[in-house]
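Report on the following structure.
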Amino acid sequence: MKAAGSPEYYLPAGILLFLIVLPFLLPNPFYVHIVVMMAVFVVLGGAWNLIGGYGGQLSLGHAAFFGTGAYVSTLLVNAYGISPWITMWLGGLAALLLSLPVGIICFRLQGPYFAIATIGLAETLRLLVLHFRDITSGAQGLTVPFRGDAPWLLQFGSKIPYYYIALIMAVGVVLITRRMERARLGHYLVAIGQNQDAAEALGINSARAKARALALSAFVTGVAGVFYAQYTYVIHPDSVFGLGLSIQIALVAIVGGVGTTMGPVLGAVIMEFFIQSTQIIFAGQYPGLELMVYGGLLVAVILWRPRGVIPWFARLYQGLVARLPAAGGARA
Amino acid sequence: MLEVKDLDAAYGEVMVLRGVGLSVGRGESVAVIGANGAGKSTLLRAISSLLRPRGGAILFDSNRVDHLPPYEVAALGIAHVPEGRRVLPDMTVEENLELGAYLPGPKARRRESLAWVYGIFPRLAERRRQRAGTLSGGEQQMLAIGRGLMLRPRLLMLDEPSLGLAPLVVEVTFQKIAEVRKEGIAILLVEQNVQRALGLADRGYVLDGGRVVLEGPSQDLLENPHVKVAYLGL
Amino acid sequence: MKGDILLEVEGLAKRFGGVQAVADLSFHVREGEILGMIGPNGSGKTTTFNMITGFYPPDRGRVRFAGRDITGLPPYEVCGCGICRTFQVAKPFRELTVIRNVMTGTLLRHPDPALAETRAEEVLRAVGLAERAQMQAGSLTTIDQRRLEVARALGTAPRLLLLDETMAGLNPTEVAEAMRLIASLRDQGLTVVVVEHVMRAVMSLSDRIVVLDQGTKIAEGNPREISSDPRVIQAYLGAEYQRA
Amino acid sequence: MDLTTIFQAVITGVLMAGIYALVAIGLTLIFGVVRIVNFAQGEFVMLGMYVTWWLWKAGGIDPYLSLLITMPVLFVFGVLVQRFLFRPILSAPDMAQIFLTVGLSVVLMNAALFFFTADFRSVKTTYSEWALRVAGITLSVPRIFAFAGALVLAGLLTLFLSKTDIGKALRAVAQDREVSMLLGIDPERMYLLAVGLGAALAGAAGGLIVPFFYVFPTVGVVFVLIAFVVVILGTLGSIQGALLASLIVGVAESLGILFAGADLGLVVVFAILVATLILKPSGLMGQA
Amino acid sequence: MQKGRRFRDPVSRREFLKGAAALGVGAGVAGLSLQEAAGAAAKEVNIGVLYPTSGSQARFGQMCVNAVKLAVEEVNAAGGIKSLGGAKINPIYADIQSDPGVTRNQAERLMATGNLTAATGSYVSTYTLVATEVAERYKIPYVTGSIANKLTERGFKFTFQVSPKANMFGEMQMEFAGTLAGRGKRAAVVFEDTDYGTSTSKGVIDGAKKVGFEVVMAEPYTAKFTDATPLVNKIKASKPDLFFPVSYITDALLIIRTMKQLNVNAGIIAGGAGYLIPDFYKDLGKDAEYVFSVGSWNYDVNCAEVPKIAEAYEKRYGEFLMEHAGEAYVMIWVLADAIQRAASTDPLKVRDALAKTNLTKGPGSVMPGCRVEFDETGWNKRVHPVMVQWQKGQLRTVYPASDARVKPVWPVPAWDKRG
């Protein structure tokens, strides 16, 4: 019997409540920054998961969509003063349009061929953005002019509004993932991932299903790129189109657990925690040490949980749910 | 020489062999027949350790071999010619054969074995420099058997050597197997072509649904009406 | 004879490397019948299925379905036309539940997941898997995996069902069950082609039988004709068997 | 654009191809046998370069001579990597494998930074500066050595794979792991060998590059992306493919710089990659 | 290496642990809290120091950090900040990993948790652009030696730029080239496709017309090449009299080596960075001779204190103090001066003091021009670039006349005519 007072309901509700009040519990803006970055990577990892996890297509070029969103939006904001609330959709749309040829080219490829082709496409885009500096300002990057508190321009003096926007986006991605998972597309993608031949025999056009998932994924990634540009004020071809970002996006989903709704959420939290703690604990004094530790942690997690931490975490969570008392009542 | 006792084997959750018992004596040739899916190939895979059994025991020269890795089973002198031939397609015929004598013992006799195998399969000698992947089905089957012989096995296990071959080629293949038999090598033959298999073997087992349903001398089985029933549903 | 010709295969051929898997194969299937397709291992039955359903492009030949040329269409379009197949080696989506496996099929005609689920439940009841709906497909027994394979195919509401060795590895009771299931499908108006090794089943189920050997058709006719055809016995049991 | 300039570009591209080939062959060998795409291959090269540099600095050993030490050292390193990092995840999803090697590359790169600092090291030999001039075309001697070294090593590897039993066993494992076991081959040992050889080749690449290039912690990044393009273009697992593809990539890059622009050389290379994959999704040597 | 305490930013680490606990993920690092016992001394002025000490820019970043360490020790040894009772400067180092994203993150961390009075650093303009955006929002003064014009042209109140601006470099190079070689020469310009390369080369290309040069080639390139031959081959085909490269490190070295090999004899007037570091001469030896370059600083800048500083650095680190490291050094003294005048650790007061900076003597003044005074945008209006040339293994300033220590060697002997 599941009552509203059972842990199954009050635990998630409690977590959500905690997330809503979280910024006020944090000692200073840096921690708000960390949770904002966690939320951004929940969005990115979640978006990647749509095609990489459910669709089983290991993309290492997602920075291309992120960068496209960030650049298209920022160029429009700077040139025409359009509100980022509007260019957000345009940035997402641009990324979506980019995904169409990417899909046509790459979905014919398998495994490592696919992964490396996507690296190639993102790198090509990065080099072209550097090359056409009359339009993109090349290596100078683009700056979002500082306007102080300007909600219409998606700029705030405090980090807290950014946090809530990022939180809404992160929750949005979780909901999109759940929705897709339950819709026809999600069923199809999972089936393709399990056995493409069997799926095709059941009338599933696997190329089309993957292209749709990629388009959705690209769109969300592009929107996240716009938010990131607004939040971080400066974008640069190497940072928003770089291989490092592509890898980190995929890593979030992989460390968490691909093809699951909550995997990227967990992955983003863990990865960001690794990044921040290594940077802080080994700060500055011994060059290379912090990244060495970070890389080591990465290797350790993958050796320990090659399928991501989500199955392990899910057991912990279920155990917790089972052990928690029903709200208002004593332990039975 | 080979003794299989009460063998259970499964792929994942699906039980394929249930309590199979079988034996092959020195120099004896034994056929395992049965319809597709009866578990014949699984039996051979379990003997050569490609598949770890769920239960039961496999003994070779009275020693347990069911927990050895496959390459150590091979070292004991058990050659497994797998279903579908599985020649190494990007290597030449001769390279395939040479690899058959990869282990130290057989390697010492490699030149001799090569001559022996070419003697049995002159066709392979003609094609020694050709890539194995470009051979015809029958030639590939000969190569696979030849490769098994290079091990100088005491037991040669053949999995469906007639698979996908034209009748004439099947004919030739079985003549060759008969020649091998004369060399004193024990043979464990898995086959669905009842006539061929039993024609060659001293004894036979009929496998159905993962169990041995009939066993006995080949002649008895050939005359047993149940065999025909099992095959043609008559 | 049963109804009109539903599927017509004409001069189909396929070669893999050194092996001619199928050579100049022609046959047809009539609406509402069960056509058995038999032949020794490696005689080209599965390759034929693969060519009909678009997994392999044929080297030569045509496939016509309900008057439409479907040669070379991709598998999902072939399925969309109303031909669905099962695989010789069952290919369940192992990590999914049984009901979700079947939903993958029913979603083709019912894009709304709720509707697709209802339909999937119906199909599961029809094949006798209803109680296992929530089990992981990978943990099913052989017979249930075969049932699932059929259920998934039925979910796409096909006019023609191609069953590839659905009974391999089943014990006699299970074979009998499978036969009942297939017969009931025909009774519901479905056309079925069965590739099968279990002769007992083919012989009693099929309206007509096509026998393949070495990639060509060596015999065609009703079960009685086939079982007494010397070419068939030779192909199966060896040349001298009849004399023995 | 006069003909000499174009010819110089082509020759330069061919010489660059030697280096690309060396890095790529190690990569393709590891993939062919163990089925792991090693994103740390560039860092293997970096290690080889540091070993070579250190031998020169501390022991005054000539870089070419030190190949005799560098290659065994890297071989052992590769064996250890296979044993303790790759083996536990051989049956894990592709993704986990790729990211394990990414993590490894981060660790190696920063370990080098930690132990050797970010200084740019170089080895000055008497022949570092030598150049041949033929008909207005200049060829750097150490680059010719590197190219020749690449050819020799590729040749030796090919000989090893085609003439020795162990080499054949390695190929057997790559083609059919199960059958190789039936022939008495222990695939685990072949995996150790393959990764060891792949690493040794990376070490050799490092040694051959040092006389005309620089050693620094992030140097692997310079080579690895191109090496990926090469192995994919030439079909993963194919050594001949890697050789052919590295020639194409080297010349395309060089001509791309000449005609399209110095910042677009790689774009030209990627364009060729994409075009090839559209026509042949499994690369030049792939079965259609 | 620093002796004594191993970790130098205890404040932020302790803060982090608090934050981590708040996030409910603190358990993993709780054990590490033992190491923070050292705690902050009573009187310290925290200065954030952000340089890339890992990743592709690590070589430059590490040299800058070395210079900062030297300057901090000197400030503290000289009695610290006297107006604050001899408070010591406590540098809090952060490695920005040659990555704009990490720069953002580290800037956030230091400025939110470091209890900073001011910050300095970044070397690469791209990173400085990011860091100063953060500094502006946290209202923490940021002193930089990065050269992008944009840095002080955004109306920021908290960014201070001690170095010449990007456009001045190219203008200086061309002005010098004009006086050196006369009008009507053929100029080839190549630059790595980073911000530094594109913005300084723009000055070169624009300046070429003014001195009547014909630009026969102007091309960006990607610095991660393994062979400069394709590029130099193309340069050779354009038959230049003068060659203006803007490069990082390996590309600079390969370009010069290859020019020698292909016998390309244009006068080389480089754009700083890779041409001005110890590695350049160490690797090229005599082939580095006669190469000109523009620089934002040099170790023979014509100011009284410079020889002493250069000597101290070289003695300690075994290599000469290169331009960006020199600036990094100067900036610590500029900050010390402002804090001294502010007599406060309050970032706002220090900002106001910085804005009024007018250093004419002491180690804080030793930019070219020997004076540091910020205009209303925060730019050091007294500074100009200098032209230097490699002569006998030394980098010597040759232009403008006010700064020149030696005469330029011109024309440069052809490669095959050198001893």
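The chains carry the letters A, B, C, D and E, assigned in the order they are written, with residues numbered from 1 in each.
Keep in mind that, in the parts below, a contact is a pair of C-beta atoms (placed from the backbone, for glycine too) under 8 Å apart; a residue touches a chain by one contact, two chains touch by 3 or more.
What you see is a predicted model; the values in this text were computed from it and never measured.
Peer 1: Any chance you could name the chains that touch chain B and chain E both?
Peer 2: Under the touch definition, chain B and chain E have D as mutual neighbours.
Peer 1: Please identify each chain that touches chain A as well as chain C.
Peer 2: Expected: no chain.
Peer 1: Using the touch rule from the top, work out which pair, B-D or A-E, shares more C-beta pairs.
Peer 2: A-E
Peer 1: Using each chain's Cα centroid, which is most distant from the centroid of chain C?
Peer 2: The most remote chain is E.
Peer 1: Could you pull out the chain whose C-alpha mean position is farthest off from that of chain A?
Peer 2: B
Peer 1: Counting in whole Å, what is the centre-to-centre distance of chain B and chain D, each centre being its mean C-alpha position?
Peer 2: Each chain's C-alpha centroid was found; their separation is 42 Å.
Peer 1: Just curious, how far off is chain E from chain A if you go by their C-alpha centres, in Å?
Peer 2: Each chain's C-alpha centroid was found; their separation is 35 Å.
Peer 1: Could you work out how far the Cα centre of chain B sits from that of chain C, in whole Å?
Peer 2: Chain centres of chain B and chain C, defined by C-alpha means, are spaced 30 Å apart.
Peer 1: Which residues of chain C are in contact with two or more other chains?
Peer 2: Residues: none.
Peer 1: Where in chain E do residues touch two or more of the other chains?
Peer 2: Expected reply: 53-54, 58, 61-62, 193, 220, 222.
Peer 1: I need the residues of chain D touching at least two other chains; which ones are they?
Peer 2: 110, 113, 117-118, 217, 261, 263, 266
Peer 1: Quick one: which chain pairs are touching?
Peer 2: Inter-chain contacts occur between A-C, A-D, A-E, B-C, B-D, D-E.
Peer 1: In their shared complex, at which residues does chain A touch chain E?
Peer 2: Chain A reaches chain E through residues 22, 25-31, 33-35, 37, 127, 130-131, 133, 138-141, 143, 145-146, 157, 232-234, 236, 238-239, 244-245, 269, 273, 275-277, 279-281, 283-285, 287-288, 290-291.
Peer 1: Would you tell me which residues of chain B are touching chain C in their complex?
Peer 2: Within the complex, chain B contacts chain C at residues 12-16, 35-39, 133-137, 139-140, 160, 162-167, 192-196, 199, 209-210, 222-223, 228-229, 231-234.
Peer 1: Along chain D, where are the residues that touch chain A in the complex?
Peer 2: 31, 37, 85, 88-89, 92-96, 98-100, 102-114, 117-118, 217, 225, 228-229, 232, 236, 261, 263-264, 266-267, 270-271, 273-274, 277-278, 281-283
Peer 1: Please output the residues of chain D touching chain B within their complex, sorted ascending.
Peer 2: Spelled out, the residues of chain D in touch with chain B are 162, 165, 168-169, 171-172, 175-176, 178-186.
Peer 1: State the interface residues of chain C toward chain A in the complex, per the touch definition above.
Peer 2: Interface residues on chain C, with respect to chain A: 53-55, 74-77, 79-80, 84-85, 87, 91-96, 100, 103-105, 107-108, 111, 113, 116, 152-153, 155-156.
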